[in-house]
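Two complexes, one shared chain (subunit A), two partners (subunit B, subunit C).
Let's look at the complex of A and B:
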């Protein structure tokens, strides 16, 4: 009798599982962020959501990934490009998270991912954190990303920002330094030369950048 | 095989910079990597032993460098390799504005009547670069293999460059010593009869031939058009001076594809003889799969009617973006804080526009649009690549 009950229970459980399995898939599809389903085709939305879920399991912020997908949709990018951009962004967030350490704010992670995507080395992020562990790294990371976007060679950009940060330069002065390099580039100077000049200026003012 | 004047030449020219990204070398350097495929009548290839350094090395940046250059010529529908060159370079040392680089390379040029078949080349470069000018000194040595009449070649050279706006100019001078091996007949006397009946024997003789070349190269970049004219004056005491010109033009039809044209005059071969006469013209395509859009942040995106903008935190935690744009009838914002939906700014008074946005502290990405035109970066704001081959302005919320 007991044996019959056990067999019956197993049969019912198996049938229930078979019935519920597809429903389970539907539940998973239903969990896709509504903003994604509203703006992306179904397969892209699912692919993006799986990246979002993966990031969540790794303890990374997920909102920047959803926003990256929405940005792609707004810019008319194909589903494949959107998925690739989101995946790259998620990987960059992971690299930034490992480089910046556990006590990192979401804002720092977003700025760090931007710097990694722009071509900065993870070591530079570590150096920034080590230099002034208690200060927010948002500004130096944004400045590194900006310099790289303006074709300042990675080594120059990182040396300038890390050196200035280590020497105690304020965020206001760091932004001013970026503006100076930007202005020189707009005036036609080679980005690397503009960076060298900025470094020479900061060195002269007493802030050693290397 | 002699190549006639109506020979169809296929010239493959490629430059690949930083194939393996060494520490500290920006991925941006890959922007120089490209492959050009040309079709047309082409001048003989001749490279200087001590050529001017690549632009990135001149500017004091650099890293690893790999250059491939090759020519396949066809005559009577039979393709024949004319020239292959492979150069690899390393940034050995760099401190401030100074740098030391070394380049090593090999050339394979089969069937050349000079016998200069294969050749190994080493070049050392010392560079100094300042704000928008610099100079370099260069020394090179080449050893030919399988050549019967050519010995080692040495070259010393140097040059200066400057950059102004969209124009950069580089002037080079180099002096090359080429050791020529010659067989001459010398009269020998081994026995008294040789004094009556002259007897001659072939004797190897070596002599150094010096040549000097002066080159002036320009690069002009205007929007999608890139023009590189180069003129040279080559002087060998025995042959006198010969001038040559070459102009490359590229028109970028897309960020990674350009139409490429080259016009070149007579060139000088390794044995210092003039090999081609008249003008040669080739047309082709230039592929640059790693190239980023020129200037990366397009200048026109930053020269807008926006006179001023600011982002200010309000008491309740929201942020107010204010834009001053004279003569504008509409201003739109598209940003991560609007979920990348288009939001119109309200006109405050006159030329001032405002919008209130919600977002946590940290960097936020945005673009603006004036009068339903193209999406623009906010002038002077930090920028960042967007992952979709474009850029966004970065606004920092407190």
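Let's look at the complex of A and C:
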């Protein structure tokens, strides 16, 4: 190898290093979303970022996880609580994704994760998908979450919504059904009794919920 | 005018005399000349700074060089181009097209509140970002926001520290932090 070639090799290597070093730095350091570093302490931001990275490798949406962490920060939660909540949310997204199948929109996935976190069974999500595969499941999933959050027993909440959905109830009527149950609970009725009453009403109107 | 006897004079006159040319050929020649574009002049070219180089740079070349240098710099430093580092895949992390936004009005009755705001995934849960306005002495607070289609989680923040759900909206799941959230579904019947 001539001296000229050695010098050329060194020059090319040096220039390449100058260009590639800044690019490689982010990869090696494990870049953390700047929104996380702006509002969380360093170790919490890193822990949340690792959950986000894991979700990405599983093909799950990552934005809801970042937003969950920001929600925790806004509400003054501890770093440990934030990381736990983000991990729980990521797991729920995974369960919802497997239950709803590959042709699921991100909005459905987020609503499905909400239903899972509220206590819905993965089978209910599967039943909703099977019942009307071509319709968006966002509203039925939001209604299930709401009923569960209002302490309607899981079995009843799922039967009402899945039954109404299977029977072809429109999303507008589903939201009305929810409002009726909510109103009855506010008026002092037991959540399970309010759910039974709603089911009886819809059955009388011709929409069989079971 | 009489012809000069001087032979040199006669010779020069002969050279100055117009050469015989047919009108048709003359017309073709003039036509050809009129169609020929004028030569490019270098008056808009920028001389390069080092003296004696004799090199000049066209404005387009100068602009190209500046843009090229900018692109190279941006590539190396990863700044100034495109969005900042963003691992997002959801609506809030994207540039939502204006025509997909829907105006949503939030309303809360809170007679004793000194301030009320709305925080949710649409504003990255920034508690002071979307401040509600008191519109009646009875304590009716309201604000309108443009939200992307889909479902959004949110809460009302009363007096800067009290997080409450919207009493008229569907409840969201347990947030993991001990305070309730609500859900708003924005858009058509299915809301994606």
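Quick note on the criterion: the second predicted complex is superposed on the first by the 180 of 210 C-alpha atoms of A that agree within 3 Å, B and C clash if a C-alpha of one lies under 4 Å from a C-alpha of the other, contacts with A are read in each partner's own complex, and residues count from 1 in each chain.
Please note the rule applied: a contact is a pair of C-beta atoms (placed from the backbone, for glycine too) under 8 Å apart; a residue touches a chain by one contact, two chains touch by 3 or more.
Being a predicted model, the structure only gives us computed values, none of them experimental.
With the C-alpha superposition on subunit A as described, subunit C and subunit B clash in the combined arrangement. When the shared chain is aligned, subunit B comes close enough to touch A:155, but subunit C does not. After overlaying the two complexes on the shared chain, residue contacts for A:122 are found with neither subunit B nor subunit C.
In the superposition on chain A, A:131 contacts neither subunit B nor subunit C. By the touch criterion stated above, A:77 is placed in contact with subunit B and with subunit C alike. By the touch criterion stated above, A:188 is placed in contact with subunit B alone, subunit C being left untouched. When both complexes are overlaid on chain A, the residue A:31 reaches subunit C alone and has no touch with subunit B.
Applying the stated contact rule after C-alpha superposition, one finds that A:196 touches subunit B and leaves subunit C untouched. In the superposition on chain A, contact is made by A:52 with subunit C only, not with subunit B. By the document's definition of touching, of the two partners only subunit C reaches A:172; subunit B does not. Working note: subunit B versus subunit C after chain A overlay, options 21-29, 183-191 or 309-317, clashing stretch identified as 309-317.
Shared contact residues of subunit A with subunit B and subunit C: 35, 64, 67-68, 70-75, 77, 81, 85, 88-89, 105-108, 110-111, 114, 117-118, 138-139, 142-143, 145-146, 148-150, 175, 178.
Subunit A makes touch with subunit B in their complex at residues 35, 64, 67-68, 70-75, 77, 81, 85, 88-89, 105-108, 110-111, 114, 117-119, 121, 138-139, 142-143, 145-146, 148-158, 175, 178-179, 182, 186, 188-190, 192-193, 196-197.
Taken in their complex, subunit A has these residues touching subunit C: 18-19, 22-23, 26, 31, 33-35, 52-53, 56, 61-64, 66-68, 70-75, 77, 81-82, 84-85, 88-89, 105-108, 110-111, 114-115, 117-118, 135-136, 138-139, 142-143, 145-146, 148-150, 170-172, 175, 178. Those residues of subunit C whose C-beta lies close enough to touch subunit A in the complex are 75-78, 84-93, 119, 121, 124-127, 149-151, 153, 163, 170-181, 183, 185, 189-192. Note for the complex: subunit B touches subunit A at residues 23-29, 31, 56, 59-61, 96-97, 129-132, 163-166, 292, 295-297, 299, 302, 334, 336, 339-342, 360-363, 365, 380, 382-388, 390-392, 394, 396.
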